[in-house]
Structures are given as C-alpha cells and as structure tokens.
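Both complexes below contain subunit A, partnered by subunit B and then by subunit C.
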Partner chain A sequence: MAISAATKAATDALAANPAPVSVGAQEVHRWMQSFTWDFDKNRTKYSTKYKMANDTKEQFKLIAKEYARMESVKDERQFGSLQDVLTRVDAANRVHPKWNESMKVISNFLEVGEYNAIAATGMLWDSATAPEQKNGYLGQVLDEIRHTNQCGYINYYFAKQGQDAAGHNDARRTRAIGPLWKGMKRVFSDGFISGDAVECSINLQLVGEACFTNPLIVAVTEWASANGDEMTPTVFLSIETDELRHMANGYQTVVSIANDEAASKYLNTDLNNAFWTQQKYFTPVLGMMFEYGSHFKVEPWVKTWNRWVYEDWGGIWIGRLGKYGVESPRSLRDAKKDAYWAHHDLFLIAYALWPTGFFRLSLPTPEEAEWYEANYPGWYDMYGKVYDEWRARGCEDPSSGFLPIQWFIENNHPIYIDRVSQVPFCPSYCKGESTLRVLEFNGKKHSFSDQWGERMWLSEPERYECQNIFEQYEGRELSEVIAEGFGLRSDGKTLISQPHTNKDGKLWTLDDIKKINCVFSDPLKAL
Partner chain B sequence: MSIEVNGGRRGLTDPEIAAVIMAAVPDKPLETQRKMNYFMKPRGKRVNEYETLCCYTQPTPDWIPGGLDWGDWTQKFHGGRPSWSNESTEMRSSDWLAHRDPAFRWHALYVKDKAEEWRYTDRFLKAYSADGHVRSIDPVWRDEVLGDYLGAFGFYEYGLFNSHSSVVRDCLGDTLRMSSAMIGLDKVDNAQMIQAERTFLSKLVPGFPESTDIPKQEWTQGSIFKGARELVQDIWQATYDWNEILFSGHMICDPLFGQFVRREFFLRLSSYYGDNLTPFFINQMQLYFSQTKGITTDMFHTCLGTDVEFGDYNNRLMRAWADKWLPRTVNALKDFMGIYDTIPEIKGVSDKAAIEAALVRVFADWKRDFADPINYKVDTAALVKTVLSGLK
Partner chain C sequence: MSKSSNAYNAGIMQKTGKAFADEYFSEDNQVVHESHEVVLVLKKSDELNTVVEEILLGSHKADNPTLVVEDRAGFWWLKATGKIEIDCTEVSELLGKHYSVYDLLVDVSSTIGRAYTLGETFTITSELMGLDVKLKDLAAA
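The block that comes next holds the complex of A and B.
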C-alpha cells in the first residue's frame, strides 16, 4: 500500500469507526516467540545433558505489565487484610503459642526456598532457548522475589505484632545454629541451583513445587487457621496462586525435553533422585512442624502426605507426564514408609537438641499424646514414655541441669547426620526406615541413612562434601556455640530457644546451659 | 474438647478454640525487641521496610563477604563447583549484601508502579485513538522508522534483557539479585512496549505491518544496528562475569547507545514528524533507565567503587572494562548514524549540527554520571567525531 494511501485509509477508518482502541496483553504476547534471533555465541552458560526445544510454549501468556497488574491486585488484597482487619483484631496475639513458634521456622525456611528459586529460575531463563519458555521462567523469577518478601513479611508481622518476637525478628541470623538448617539448605537452596539446569528444574518445579508446596503452602494454612493464625493463610494462599504457574513451568520443562534422546536415558533417574532429595527432608520436617508445632490438629500427617504426595503427585501429576516417558519414582514406596514414623523420630532428636534452635519447642501434652497414640498406634511405647521420662527429669526447668541430649548419650544412642541429606538420625532408636551405613573417602568417614542417598553419594561424592554440625562444633561447649550463633534474646542472657511454651514456665539462660557443660563430639570418630 | 479440629473451624473465630488459645498466650510479650533485622546496618537512619524484607535473605556463608551462614554448600555442581563463589566475578567486595535500590522497592512496590503504568497506557491509547492523532504522523516516519527501525530497536532491548539471566543466577547478594531481576524485567517490558506500539498502529493504520519479520531482518542483517547487535550479543552470551555484564550493559552501552537512540532520536525527533505516540512509550523507558541508573550506580559507585578494602582495585577494573566496552559502543552509535539517511531532514532538528549537539549531550551526561565517578579519562569530543563519521 502506498504511504499516502495508508494515511488516507487511517483517516477513513477513523471516520467510519471512532471507537477507542487499545492493545491487549495477548496481542503483544503472540509475537513473543519471534523476539529472539540466531547467532554463533547463543548458548546457555549452564550446561545440561538435555536439549530444550526451540519452540516450547508457555501456558501463562503474560507480558511484563500484565504480570505486574495481576500481582499488584493480589498484593492489595493481601496487605489490606494484614494491615487492616487482622491488626485491628490483634490477630497475632490470638495465635496458639506453639504455632507462633512453628511459624518462625516455616516462614523463614520457606523464604530460603523462595529466595534460591530466584536464582534457580534465572538459570532456567538462561538455559531455555524458546522466548516463551524464557518468559515463563522470567515470570517465576519475579514471583520468587514476591514470595521471598511475603515470607519475610510473616516474620516481620509476627515480630511487630505478636507474643514472642525473638526468632521472628532475627531468624536470618540465628537459623544456622541448629540441626534442621543444613538439611533445609540441601532441599531448598543448593538442590535448586547447583547442578544440571534441567535436574534443578526437576528438583524445584517438578518435585518441590508440584509435590511439596501443596502440603507446605496449602495444608499449612489449615493447621495455621485451626491454631488461630489467619496471617499465614492470607499470605500463603496468595503465594500458592503463583505456584500454579511454576508447576506449569515444570511441566513445560519436561515437554521441552520430551523428544530429546537424553530424556529416555536420564529423566527418570533424575526424577527419582530429586524426589528422594526433597522427601528426605520435607516428609519428616513438615510432619513434625504440623503435628508437634501445633496444639489443635487437622489430621494425621500420614494422611495429608498420602493424599498430596502419594496419590495426587505420584499418581495423577506424574501420570499426566506418562506420555513423555515419566514414571513414578522408584523411591516412592520407601518414602511412604517414612511418612508414618520419620517425623516422630525427627522430633525426638530436634527436642533433644532444643538449645540450638531459634524457636521454642514443647513436649506433647497428655491430650496430644492421646491423639498421637490413637493415630499412630505404638507411639507411646516408643516416644511417649521417653517424653514422660524427660519431663520427670525436669527437662523444661532451667534449674534441673538436664538436657534431653544427655538421655541419648546415657543410653548409647548416637545421633548421626546423613551426609547427602544432612538430616540427623538415630539408627539405634527410631521406628522410621533409617539404617546406618558408613563409608570412607579421602580419609574421612561419611554416614548415610538410606540406600537412595548413598547411591547419589557413590556416584558423585564431590557434590556432597559439606561438613555437618557435629563436625563443625566438635569439641566446643554448647553455650559457646549458642552465643556465637546469636541465639540470645535482647537481654543478652536468655535463650531464644526454649524447651516449653508454658506461659508461666521459667526461661533458660546461657548460664543454665553453661553449667551443664555439654560438649559436642563427632559420632563418626567413635566408629 | 477434642484437639482434632475439622470442618474448617478457625481458632480466631471459634469461641471454644479461641478460649483455649487465649489461655495459653503469655500475659505480656516475651521479647521487647520487635524490629525484624534489628542487627543489620541500615543505609539510612533506621532499617526500612525494604531492608527488612530483602536484606540477609541470601543464605551465603561468611567466606562470601557479607554472608551470615557458615560452612560449605550441601550440594554442588557436577564436578564439585560451588553453588555461589567469589570467583564468579573479578570484582571484590567486603560486603556483597551492601547494595540498596535507591527507591527501596521491594516486589510489591515495584509491581504497583508498573501496574499503574499499564492501566494508564490502556487509557492513553484509547484516548489517542479516539482523538485521531495517528493522522498527523509523517508517513515515512511512521512506516519506515516506527515500522522497521523502532521494531529493530526492540531486539536491542530484548537482548539486553536476556543478559540479566546469568546475573540473576550468579550474583552474590540478595538485594543485587532482586534489583537485577527488576531491571531485567524493565528491559523486556521495553521490547514489549515497542511491539505494543506497532500492534496499536496496525489497528489504526490499515496496511501497517505488526509482524516482527522486517524489524528482525533489519536487526540481524541491516547495517544500522550491526554494531549494536554485535555489542548486545557479546554482553548477553560472551560475557560470564556477572558484574561485567551489568557494567557493560548499564554503565557503558545503554547510557550511550540506548540513551541516544531512545532520547535523542525517537523521543526528540518524533514530535517533529507529527508523532506524539512514540514519546508516550519512550518516556516510560526513560523512567526505567533513570531507575536502573540509580540501581547500577549504587552497585558500582556507591558500593564497589568506595569499598574500604577493594575500592581502588574495583575502580581500576571498571576503567579496564570501560576501555573494553566503550569502543564497541561508539562503533554501535557510528553504525546507527545511517538511520538519518532514511528520514527527511529537518533543519536544526535532524541535520548534522543537531545530531552533533545530541551526541555531545549524551556523551557529556555519560562522562559526568558514569566516567568521572571512576576517574575514567575520556575525550568525548573525539568520540563524538568518531560517531559522526558514520553519517552518510
């Protein structure tokens, strides 16, 4: 069309139809796939054994400004609730103290996962070749920043408004002291960002987000609400609306490599390793946080796990990927066994090491013990009677001079750390599936608690060299470690962590710990 | 009462549950320090909300300066490369967590601004179309410059956008990571706004092509963007040091080439050719440029350039990087001079004297804001002369 004719046509068109015209997000997005170009150096900086297809599409077709509009609307609702009605009804002071403590851990540890997912999806944005696929990962990068801020906001809110700010107000500084931290870093941090880019996507999106965010971010809201906490559902359900996009990204990652020969060779092994990596920590820790970190219970963790992990993810979600050759992980059966007892085993250890936490832990009350026994027959004989003994020895009382870790030592039940998952276990006193395996490499001993982690280590020991807390602290006295790790309240003497949440109970101080003279030792050296 | 709660009963509103909870809640708060992150050193007088929500979210060990964690990585890359490492950049810092976005934008504030811009864009386009402004655009400017060359410039923005992916993966600080992602998103937003303008024009002007085919051909095969394309490709894919990517993109390339193309070509000239649509979009891009400049000058000048231990070394390195990237940027501008051959000349606006004045403005701004703070000696007159040699 000649130029002058085009101007005339525009004039005529306006005369015929002067209705206002704009541009929709989808009208821009449909050109997205053509935004890139080929050039010699166009390659990812993060190697992967898979080849991601050039024409992969994304399911949530967003452009930058539409993304911002959508998220902003959600933010208005969420922060409006938090800052207005929940503050006016003093909601943070109407949460059960046990749950207040759980949120110190849940929110901060989830924050770490969200934070590392920023980097993880940055890597995937780099690795993908299709602009739409890059765009999907980009949206997730921004979402993960949002979630990092949101998780921080929970701790910020509880610190400012709630009943016990300690731990909420400094979790980012004190979280590294205790036995739960390193394992959390494996699943929520390094597992997302260190490795083959697609393997990291499988860890993050296909397992972490598609499998464990349901119990972590959705089920947790039921437990929170039952225990008086309406802040967490307000924030976490808003987070979950973005997770759908992330699950779609994981799905598209598999679609993008489906026709690659490498997928038939490696995909199911990578999926199995990712699933075991994630479940090894989340299965016991989530169960522990829900059941032992609450007073009011929603349902036994094993039921939640079975519904979300075994049936919904292992069956339906993975089933949908079956056409791409994806199979349910071989380790799923072993994980199912862990879902019954592993969180009880872990709480026994976590409580024994309570001074290294940044939160208060509580022994089960008699009515809670009754609930455990009803839902986990045999619980009392294994765990309940131990807690009764600890309580009788004054484990909650600072003047007792008794720390439950002494019970493990006295009864010759050494606690080891699994080198690959960094999860502590006590092979001589557990009902879960943990068994002790010890291997030597480069003059150093390594303990493992299961065959799946041991296999990962045997294939690539150089990936799992991290010191565990017993190696790090060996020979050091407990109160020194706590002080060095900033485990004290603002008075400079009272511990942030405590072995009870009784409103009238005495609080332990650093001096109380010092008197006991508890010195760390590395159990591997005794072997 | 039973401690198993089902049927959606909520502890805040169910009287029976609430009574149990309130009986357990301490009579007074157990801790008096209610400020989250109270232990950190704020940029201003006190820790603000941005610092509360963003700072120390990164779990790096203390051997990466600024980190609060200890020990090793729990999982590494195949072969044992660490998750994050000081070796990922030639820059040195005594605190990789020191950077602050001068606007203190955490995610909610960032998307709120952009959401408002999107709503306003929608309202503006409706008013613009109903008013019939499109009739006044010079046909050559509209069909060749906006249709082809503005479209081609979208690839420049898209390429720079992609250069942020590895920065977001590799950088060593939390606020750095968040800022890098946001300035990256602004770049793809620029590319999308360019396409939005072209799609909008195609709705108003029958026959105006919204396809990216011709712009891509111009970008990949034409002479006007040849230098820019090679420059962007090198920043995006041939550079592995995440600081060098940010420095080359935001401290050299975009303040010179990007600024000239956006501000001195499209923004300044458009109104002379009857185009008051393009300034609407370019002004948004200029807002992003301004915000990005605040971020990257904080990273490189405020933090790295004045680092007590490594400031001198970092400034030397920045000068070396400037030596590397400035000639390529000047070359990109020289190639871009070819665009003036495609438009009708307007005396005092698009003639050689006006182009030279525009170049002088851009180079003077760059020298003041980017070169002088790192004590980089540069003869801007000579650079302008080199660029002008590209005029036909």
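The block that comes next holds the complex of A and C.
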C-alpha cells in the first residue's frame, strides 16, 4: 500500500535529520530546531513596524520536558517552605506591621503585571518567525501563568496566616477609587499589551523585566528580610528564576531587529518612551514602598536605583548596545531626578489621599526623619515639617476632623493627575521632575507632569482617555465614594486603609470621614 | 568590606548625603556608560551555596580575580568583569548526584549580561551573543 504524502515527508525528514540516539535535552533541542514551519500568514493582534529575523536563537535551549521538571522543582521548594517551616515558626506574624502593608501593594500590583504579561508574550509568539524565538516566548507565557498564581498565593498566605488581612484579601475591588491603580495599569497592562508588538516587548522585557524586576523582585527581598518577612524572598526569588529567560527574550527581540532598517529610525524613540513609561511609575512607587513602608532601612532608594537601573541595566544592557546605534535614553536626566525626589513627593500625596487606598500608611518617626535628612539633604524643610504639622493636627486620630488633603487645599497646592502615566502630582509643591502642562483635545482638558508623557500623548491622544478620580467623582462626597468603591472592611463601616499602623490605635470609620464633608473637585475646571 | 570596583557598595555608593548627591547629579552621570561587567543573582539553596562556597570562591577563585560575591540575605549577589561560568558536571561530582544545567537554573534568580547554556555549562558574559558572537548549538554527535 502506498504511504501518504505526510508520512513520506516525515520519513524523508527523519532520514535527513536522524533522531538523537540519547535523550540529552540539548541534543533534542538541536534536533527539534531543524523542524520549522511556514509563518508567512502569521496573525497577531497588533502588527509591528519592525521585521523580526527568522534565525534568532533562544539562549537557554529549553525543551518542554526539562522546562516542566525545572518548574515543578521550583514549586516544590517554594510551597514546601511556605507550608512547612514558615508556617511552623509563625513567620507571617513576625513581619513588621509597616512592611505587611507594603506587601499588600507590591504583591497585588505584581499579580496584575504577571497576568498581562501572559497576553503580551502570547502576542510576541504570534509576531516572531524564528522557531527558537517562539520557543522562548512560549516558555515565558507559561512562566507568567505561574507568576500570577504565585502572587495570588502570597496574598492568600499573608491574609490567612498573618496580621490585618484587609487589603491582602480584597485589594482589587478598590481599583476604581485607589489613585495608584490606574498608573499601575498603564505600566503593567497597557504598556505591555497595546500597540506595536516589538514596542510592547521593549516595555515588558527590555525595560520592565531586564531593568525594573531587579529592584521590584530581587532588591525587595533584602527589605523584606530586614523587616522580618521570609515569605517574600521565598516566593519572589523563585519568580525571578524565570525572569532571566525573559530578559534574554527581550535582548533577542532586539537582536532579531538589529539589522532591520526600521530599527535605525524607531528603536531609540521606542526605548526612550518605554523607559520613561516604566520609570515614571516604578521609580516613585517602589521608592515609597521601600522607604516609607519599612521600619528597618536597607539603604536609600536612590542608591538601589543607581545600582540596578543606572549602573547595571544602563551600562551592561544599554551601554553595550551603543555600537548598534542604541542611545542612552534621552529622559535619563529627568528619571535620575525622580529617583532622588519623586518617591518623597508621592508619599506626601499618598498620605493626603489615604482614605482611598487599600493599605495602611504611617508618618515617619523622628528617627526616620533623621535618616531621611541624612540621606536626602533638604528633606525636612520640604516634607518633614509638613508631617510634623499634620501630626500636631491629629491626622492619625479619627476624632481630629483633619484629613491631610485639607492642608493641600488650605495652602493652594492643587493635586493633578498626569494623563499619560496616571500618576498624581502637585506642581506647586514637589522636588521631582514635575511641572504642570495643560492641553485641550475634543473639548476636554488634560494635565501632564513632564515633556516625555506630553510627547507620547501628542502622537496618539486617543490612546490616553482614562478618567482620573477627580473627573470621575467630581462633586461627590468622600465617604459616599469610599462606600461605593468597596473601601470598607468586612464590618461595613471601618475603612480598609488607615493613617497609622499602630495596632492599638483607633481606626477611622465611614462616619468619621462623613463628618469632615470632603468633596471631590476637578482641578482642571479651575484653569 | 570589599574594596573591589565590582563590590555591591563600590564607588559612588560609598558616599552619603551631599557628597553622594553631587556625584549622582554631576553632568558626567546624566548618560549611561558602557560596562563590561556582568551580574548574577543566585537564590540561596543547598546546591547553590555549594557552587558559591566550594567552586566560585573555592577551586576556581583564581580563575577570575575580578569576581565579587556578597551575601544579600536571601540571595548571593555576584559581579565580575567579562564573564562567570559554572560547569555543572563539576557540581555533580561535588554534590555526589546528577546535577544538570537545568537543575542549576532552578536557583539562578537574575542576570545582567548575556546568559546562555551550552551542554552542561552555564555562562553569563559581557559579549553580545547573537550580535558580535554567534550562539552555538551542542555539536552533533
């Protein structure tokens, strides 16, 4: 009987490329690469202006069997540690209460980033034509699913085993009112999955992962350990064991377009936009979480940033690519200024808007104020004296009738939201790189804090239409908005967020907020 | 404290307050500078502690005098000029069990530089793999 054309093709292929005689992973990997497909009709959600080469390599030579074995060992070690020794020694209750609050933000936000990275790397799989490059992206899709589960699990663990579960267990339902959520979705969602596929890769892999996962997922474990948290190093360092392959995927994406004419036209602009997009949020938020959300300080955030972002990512990744035309990001000077000051600016605003959050904040103690002044000369005159005033006015006490947002109103320091990054800023009271710019489009005003976001907006204004909380809740009273936006604990009256972490301190309720009669107003309407 | 220029707190990182700010904001430091160093973050584990203590800081210490290893609580932080290489057949002999390059990757947390595997060897290098230097496959038997 005649054999089918398919069987004959397979027989011929095997004759030309004999199957390996052993099951050595890299021998199998080499053999598999000789089987390729025709990707002429690739379909992807967003196309790319770059042409990706079809001979790009995957640096770790993974096959499914070794990948699965490797990942299962990682999970066994991680869950074994959490469920055995860390539970036995009551590790979740040994965490400093301030750091417990920081982890509500870090782990919940990272979970969103990991979830969106699943779609981002799926899109890259669709875009690439090189089999090995596809193999790398496919591994990353699976990794991102793992990471989403890990972030969800660490919140579950903190909520179940630890202290003050509110915010670990139900953070996402506050996403409409929390002023940090929308900016997080700009970097962790929109930046990864919307637009040119290669530009998304630069956002996710070359900047988000190769640069900012080092402070976010590695350096954070130093702060965690210093503040009594051994769960976070167990989970986050395991997450990061996959990130090195993602960094390699990002680098190989650049390799795949290095000889494309489009790279000489667009790559530096795309890199600069991605760098500014990612740093605009990560720089102030991570700095705020590390320094203001810890009791024991590891080092000033600006030093962490200088090491991992400027010296090592800048020098080892970007600097080395200089001979291929990759330039130092043009926004670096402004980013460096932000790394020194923007987290202090953000904490001032975050503390003022504390009732809209899902985590507890606390004012710097006198010892911490000394540390800030020693490491950031000029800190006290700008920030410390304001905290002293707020404390004297009873900002922590529900019976005081004082919310720090009143200080901004009394002193005529309006808070705006940057339309592109969705990060709040106060141009009349800040030391970071923020100045007010206002533009009109389709009868609507838009505020911007910097030239880099403004430039991105000017090139595609319809992309940035997200309403901010001041527009969304204009004219509404604060306690109504908190109740509507799920900002309450399970008793239905106490706020999830609080302006202190003192376990014996009184907790603010909806009634305490209502008495103050704080009403949202859109600062752009006053212009 | 290590005096190597590759140490965790080398150079500007030793400065504090105004002295740090002056250098950080200096004109020369407003653009990135090309670096030929590589950084490796190894999650602490039974096997990786052996790799660090017995191989990188033990039998192979003389191979790369620029290598600095620092204990950062949950992980080992390594920085070297040029490259860092780990041969897993050697680790296998030391551990007394089969230990492949993929077993090593279970606890390699982060890399700054171009990392790759070839056979049972893990390498992180400052070379531009795929651009200046071709990435190799395992040679056919």
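In this text, the second predicted complex is superposed on the first by the 491 of 527 C-alpha atoms of A that agree within 3 Å, B and C clash if a C-alpha of one lies under 4 Å from a C-alpha of the other, contacts with A are read in each partner's own complex, and residues count from 1 in each chain.
What we mean here is this: a contact is a pair of C-beta atoms (placed from the backbone, for glycine too) under 8 Å apart; a residue touches a chain by one contact, two chains touch by 3 or more.
These numbers come from a predicted model, not from an experiment.
With subunit A as the common reference for superposition, the partners subunit B and subunit C occupy compatible, non-clashing space. Using the contact criterion defined above for the overlaid structures, shared-chain residue A:45 touches subunit B, although it does not reach subunit C.
Looking at the superposed arrangement, the partner reaching more residues of subunit A, out of subunit B and subunit C, is B. After overlaying the two complexes on the shared chain, residue contacts for A:125 are found with subunit B alone; subunit C is out of touch. Shared-chain residue A:66: touches subunit B and subunit C both. Rounded to the nearest 10, the angle at the Cα centre of subunit A between the centres of subunit B and subunit C is 90 degrees.
Contact with both subunit B and subunit C is seen for A:27 once the two complexes are overlaid on the shared chain.
When the two structures are aligned on the shared chain, A:164 is found in touch with subunit B, with no touch to subunit C. Of the two partner chains placed by superposition, only subunit C is touched by A:221; subunit B is not. In the superposed model, A:96 makes contact with subunit B only, not with subunit C. By the touch criterion defined above, A:244 reaches subunit C but does not reach subunit B. Between subunit B and subunit C, the shortest distance over C-alpha atoms in the superposed arrangement works out to 5 Å. Applying the stated touch rule to the two superposed structures, the overlap between the subunit B and subunit C interfaces on subunit A comprises residues 20-22, 27, 66, 69, 73, 225-226, 230. For subunit A in complex with subunit C, the residues that touch the partner chain are 20-22, 24-27, 29-30, 33, 56-57, 59-62, 66, 69-70, 73-74, 77, 210, 213-214, 217-218, 221-222, 224-226, 230, 233-234, 237-238, 240-241, 243-244, 247-248, 251-252, 255, 258, 302-303, 306-307, 310-322, 324, 328-329, 332-333, 336-337, 340, 374-375, 377.
Taken together, the subunit B residues at the contact with subunit A in this complex read 3-6, 8-12, 17-18, 20-22, 24-27, 29-39, 49, 52-59, 68-84, 106-108, 110-115, 117-119, 121-122, 125-127, 129-130, 132, 134-135, 139-140, 142-143, 154-155, 158, 162, 164-170, 174, 177-178, 181-182, 184-186, 188-189, 191-192, 195-196, 199-200, 203-208, 210-213, 216, 219-220, 229, 233-234, 237-238, 240.
Within the complex formed with subunit A, the residues of subunit C that make contact are 8, 12-13, 16-18, 20-21, 24-25, 29-39, 41, 43, 45, 72-75, 100, 102-103, 105-119, 126, 128-131, 135, 137-138, 140-141.
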